[in-house]
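All chains are identified by letter, namely A, B, C, D, E, F, G, H, I and J, in their written order; residue positions are counted from 1 within each chain.
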Amino acid sequence: MTHTDVSGLTQLGSKTDLPASPETAVLERVPFGHAGSLSVVRFTAPEFTSLCPMTGQPDFAHIVIDYIPRDWLVESKSLKLYLHSFRNHGAFHEDCTIDIAKRLVALLAPEWLRIGAYWYPRGGIPIDVFWQTGAPPAGAWVPDQGVAPYRGRG
Amino acid sequence: MTHTDVSGLTQLGSKTDLPASPETAVLERVPFGHAGSLSVVRFTAPEFTSLCPMTGQPDFAHIVIDYIPRDWLVESKSLKLYLHSFRNHGAFHEDCTIDIAKRLVALLAPEWLRIGAYWYPRGGIPIDVFWQTGAPPAGAWVPDQGVAPYRGRG
Amino acid sequence: MTHTDVSGLTQLGSKTDLPASPETAVLERVPFGHAGSLSVVRFTAPEFTSLCPMTGQPDFAHIVIDYIPRDWLVESKSLKLYLHSFRNHGAFHEDCTIDIAKRLVALLAPEWLRIGAYWYPRGGIPIDVFWQTGAPPAGAWVPDQGVAPYRGRG
Amino acid sequence: MTHTDVSGLTQLGSKTDLPASPETAVLERVPFGHAGSLSVVRFTAPEFTSLCPMTGQPDFAHIVIDYIPRDWLVESKSLKLYLHSFRNHGAFHEDCTIDIAKRLVALLAPEWLRIGAYWYPRGGIPIDVFWQTGAPPAGAWVPDQGVAPYRGRG
Amino acid sequence: MTHTDVSGLTQLGSKTDLPASPETAVLERVPFGHAGSLSVVRFTAPEFTSLCPMTGQPDFAHIVIDYIPRDWLVESKSLKLYLHSFRNHGAFHEDCTIDIAKRLVALLAPEWLRIGAYWYPRGGIPIDVFWQTGAPPAGAWVPDQGVAPYRGRG
Amino acid sequence: MTHTDVSGLTQLGSKTDLPASPETAVLERVPFGHAGSLSVVRFTAPEFTSLCPMTGQPDFAHIVIDYIPRDWLVESKSLKLYLHSFRNHGAFHEDCTIDIAKRLVALLAPEWLRIGAYWYPRGGIPIDVFWQTGAPPAGAWVPDQGVAPYRGRG
Amino acid sequence: MTHTDVSGLTQLGSKTDLPASPETAVLERVPFGHAGSLSVVRFTAPEFTSLCPMTGQPDFAHIVIDYIPRDWLVESKSLKLYLHSFRNHGAFHEDCTIDIAKRLVALLAPEWLRIGAYWYPRGGIPIDVFWQTGAPPAGAWVPDQGVAPYRGRG
Amino acid sequence: MTHTDVSGLTQLGSKTDLPASPETAVLERVPFGHAGSLSVVRFTAPEFTSLCPMTGQPDFAHIVIDYIPRDWLVESKSLKLYLHSFRNHGAFHEDCTIDIAKRLVALLAPEWLRIGAYWYPRGGIPIDVFWQTGAPPAGAWVPDQGVAPYRGRG
Amino acid sequence: MTHTDVSGLTQLGSKTDLPASPETAVLERVPFGHAGSLSVVRFTAPEFTSLCPMTGQPDFAHIVIDYIPRDWLVESKSLKLYLHSFRNHGAFHEDCTIDIAKRLVALLAPEWLRIGAYWYPRGGIPIDVFWQTGAPPAGAWVPDQGVAPYRGRG
Amino acid sequence: MTHTDVSGLTQLGSKTDLPASPETAVLERVPFGHAGSLSVVRFTAPEFTSLCPMTGQPDFAHIVIDYIPRDWLVESKSLKLYLHSFRNHGAFHEDCTIDIAKRLVALLAPEWLRIGAYWYPRGGIPIDVFWQTGAPPAGAWVPDQGVAPYRGRG
């Protein structure tokens, strides 16, 4: 059986304040015990919220992140806090989505990573943003994210 | 077998222009062959559109009308044209919905009528409006309208 | 265990031609072994088709019939043939629906009967027709017909 | 905590052959520890099969049984074997459904019982049968069975 | 046709900042043109968020409000801003939900009002809160809110 | 705004071990700030598991609890720990379900309480158990639990 | 973090009239901060409406647009106004769909673009139109549009 | 903007009788304004009906046709009449399906065409037929037809 | 139009007894009129049942068969009878599934064939079996079988 | 017909205790009668539970395993017991998932194997883990696992 080394973590298992901004949020990582296995890890965050940089009004998104770790896993509590740190941050949908992905890429240097962000409608027309670091490696198994399309009413 | 008297109709079976406004639209009726039977007739109009009276931007709704005829049925083509006549008309959601219902009540003097209007979201929060002339008569069978609730994304 | 007397049937178990019209279709019945039990029997006919009396074009409906037998059950093969007999018959939606119900009421003298007819959209607006002989008897269990509402596209 | 007396059971926990017919199947019961509580117990049997008494061909149904025990619970393994005993038994849909219910009523003398049988289509038109011993007692909570209506294809 | 008097509004049609707290948010109302009609108005807010009063972590809910206006309608933009004002406010689920409802009751003195709050899971077990001012008036039509139950995974 | 008194709690906000059995689990309560309001609180626990008292094999259920508090709310973390305490406890489905409900009734003396337990199938036939303390008080709003019926495969 | 240059925009953040026709609508663009990243942006417009060029009657469609920006993003408010400008414009389904796509291609010179238009049924048979500029670039992630197929009633 | 030449049509915009048989039905075509664009056009016909060649009983199918036009589009009203012409025509499922496809191929000489026919069950086992002229051209976008599989009851 | 030669059939159109076992069931075939067309034919049998070879208890499965005929079609009534012949036959899930497929391959010598068998859960864990004769021929169109995954309760 | 050799099994058909840990669980195998056929076997275990190694609190997952046997099948009862043996075992989601897969690979030396583990949310964000031994062999048919994505509430 596999045991993960969590000795370097500073936030897991202790009470931690909400970070004031994405810049000050601390994303942490743990060693991955199955490097080279092409495992896919998916995080689903149905509770993402940020502010509109033009009007200051809240925006909301359902975000799904898939990645194939190389040497590191993201620690899930620090990921949660990082995502919550956008709560009072203003950003456009496209920027916000890709910035999250690139921050994770910088932290983890993964084999592969993608993000799907499904934003709530504004003006009746929702925006979805889909990005990945490239085609997934051959031999990896990456299921659809399977989020239902927006359909208005009726 | 029952045969409906359609001799008084002016629009059914002929090519008809889109009415310019609800006021100029002609709603027609035909005699009902089963007066007293407590039949329920449902019209589903998933394509309703009007204009916002404040901004002039288009609004959309999925509308369902249920009624129990007394002596008259609404002629369905004239109903379609009447609903389409709101296309360039400005009205609030609550007013627009109840005005449609009351126009039909005036035309048909039905045993009972209700309207459900499921408006598309504006500012992230859709409005639904539900109105009926009163409790449905005992012994009538009135199924749920069964429209799925709005749920944003994810 | 209960055994149904089928000795009077003329169509069940033999090859039978499609009736030319509803008038010539032969609806048959068998004695009901549980008279007084307030059993509800539901027939679902997702394949109903008739002709438009104005244009001669085909119309389609999904029809559900619920009834509580008193002394008689409708024989299901004869019901199927009766419904198929509308194939080349012209009738309005409301008439067609209620005529089917009344023909069954005349044949069976049931405790109670209702019909739900869910017609395919014409001009973008489908019509549903709901009729019953009155409120269902107290103590009978009558589930919703549960047909999904029409919702257009998306 | 409650402990059920299972001392009288003959089939539970041992290997038991499939009964040859409903008549020879042994339905067993255990004392109910909460008599008078108006608890509702639901069994869902999506795998019911019998034979057509006219043609010998297999019939299938999805069956749901709800009951409010008085002094006895039906033992679930014996119920499963009883339902399987219809596998080579010929019966009409209406008879078969109500016979099952009445056998349980005779065994359990429950406060209340109902059965919903959702038969697979034959000739394109499925039959559902709904029966209960009467209106459920006031204060009992009996959710819908919620089985999706048949809808053909598409 | 009905025209709503909007002359008293201060926020609709202008750019408005996010209120700092529920206490400072300004809820506005407009006269209702159909007083006595027992119309039901439903608002669906799938984007509600507040903070946990114990930990400061974000909480999320899907909220649905139904009400029957007497003399006043709530102005929808001010409602949106009011709901957004909980973004940096700490409150328990039960309190937060009922406080929103009571604020609307104080503003509108409606015939009837109810709120359903469907909170995202914490610790694997979500909490829903349902409250109404009393039974809805006879003759009003109040459809189910129809929010899907939480079901975990699979 | 309402503030809940949490001063008497012993488990909330601290690390707590899994209780060894339902008997040793400590269920806690907090004062309810809206006594008399007929608020309904729903807990959804999709992760319930216990052991079969006959075979020692694991059983699973999806459990939903609705109640109307009088003077007390159940503290949600203690509820979670109480439910988890059945993990190594053997009990029949009917007993286990009603015992949970009665323990909550003893703790909270609520206006009303009900429990729905949707057990995973054993032998192909799942058992659901539904119980309530009586009819819900007039004027309370209690939505359906809306759990999908079991349907096997296909 | 990325910041979008919005200095060239004329419509965003101000009140703007509905354009009289597609020809007079002003589609605007903003620089894309992640050129070369193969990001996919999806717009879902469930509220598209135009007129039939033969009869003048309204047509409706649910439209989904996916594209991979090269140097420019379409500004979403101008896209909304452009789509609304078809409101009083007559065009065939196939033409209308592909004309929208080609207008965006001319504005944005994207890496890749596709459009799916799901038109409401006329005469019982809906038309869908699917077009793309070519196969999507290798390494881009383009999820299904996932719009439910039309299915009539039942 | 694109304008379709409709000058050669004989049926569109006029009242037309139901053709007596597929052989006598007149399928019409119009020039396609975007030849070479690899546009995909989908027709969904949920109302197809023919007769069983062995028994004369009605058969029903849900049919979806996808094609990539080269120089011609099929005119949709003539397609509807052609499909309706099978109403009194006897054919096996496999033959009927492929004959429809081949008739369209002969008329349109498309880049590519496929047909999916989802027949209603007979004897409990539905037949689906899927055919295409070959693999779709590279670079075309052809979504799944997405018709739900048949599943019987429950 | 195509006409199928049915002259060699012995069971179609006549009353036929249920075969006693798979070995004695007679599978029949008819010539295929479109050899070389790469047509796909799908049979959906939601009513398959056999016996467990260890315990004699009934097993159930939802089975879907797809094949591309070369010179022969399987006659559907004989297929139905063959599948029903497993009713009193004991076999393991994996064997039973692949044996059915291989019997059809032997009869039809098809271009290609696959079978998906979705067995009802035993012990809480259902088994699905998927087999095909090899990759489908290039140019054939083979949609997903689309059977919903098992998900237990909730 | 195929018959499986079960002579080496020790647990199937007898009463067996729950193993105390994954290490002591006995996974058994039976010879596969169709070696080389590229059959895919899927197990769906919606009832997996383990403990959090940090807190000792229960975790839950819905797990789906697909594999292509070479010479051996896993015996399903021993698989069930092995999965249940994690009940009192602490492990991280990623480790636990991949350890199960590797244990099966060691036992069966399959042509190919994959595992999908869909964990219940903790802290609002569920983790899914997907792993396979490599790309599936050409010519094998491996359907999607089709598990619905997590979506929070609403």
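Here is the rule we use: a residue touches a chain if its C-beta (ideal position, glycine included) is under 8 Å from a C-beta of that chain, and two chains touch if they have at least 3 such contacts.
As the structure is a computational prediction, the values presented were derived from the model and not from experiment.
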Neighbouring chains common to chain B and chain E, by label: A, J
Centroid comparison with chain E (C-alpha atoms), farthest chain: I
Chain pair with more C-beta contacts, B-G versus C-G: C-G
Chain copies touching (chain F, chain J) - same or different residues, decided at half shared: same
Computed distance of Cα centres, chain F from chain A, in Å: 33
Centroid spacing, where centroids are CA-atom means, of chain C and chain D in whole angstrom: 27
For chain H, residues contacting two or more additional chains: 46-47, 55, 60, 62, 120-122, 124, 126, 144-145, 147-152, 154
Which chain pairs touch, all of them: A-B, A-C, A-E, A-G, A-J, B-C, B-E, B-G, B-J, C-D, C-G, C-H, D-F, D-G, D-H, D-I, E-F, E-I, E-J, F-H, F-I, F-J, G-H, H-I, I-J
Footprint of chain D on chain H - complex, ascending: 46, 60-62, 118-122, 124, 126, 147-148, 150, 152-154
Touching residues (chain side chain C, partner chain D) in the complex: 1-4, 6, 12-13, 32-34, 37-47, 62, 64, 73, 76-77, 79-80, 83, 138-148
Chain F - residues contacting chain D, complex: 22-23, 53-55, 91-92, 94-95, 98-99, 114, 116, 121-132, 134-135, 144-145, 147-152
For the chain A and chain C complex, residues of the former touching the latter: 149, 151-152, 154
Residue ranges of chain G touching chain B (in the complex, touch as defined): 15, 17-18, 46-47, 49, 51, 55-58, 60, 84, 87-88, 120
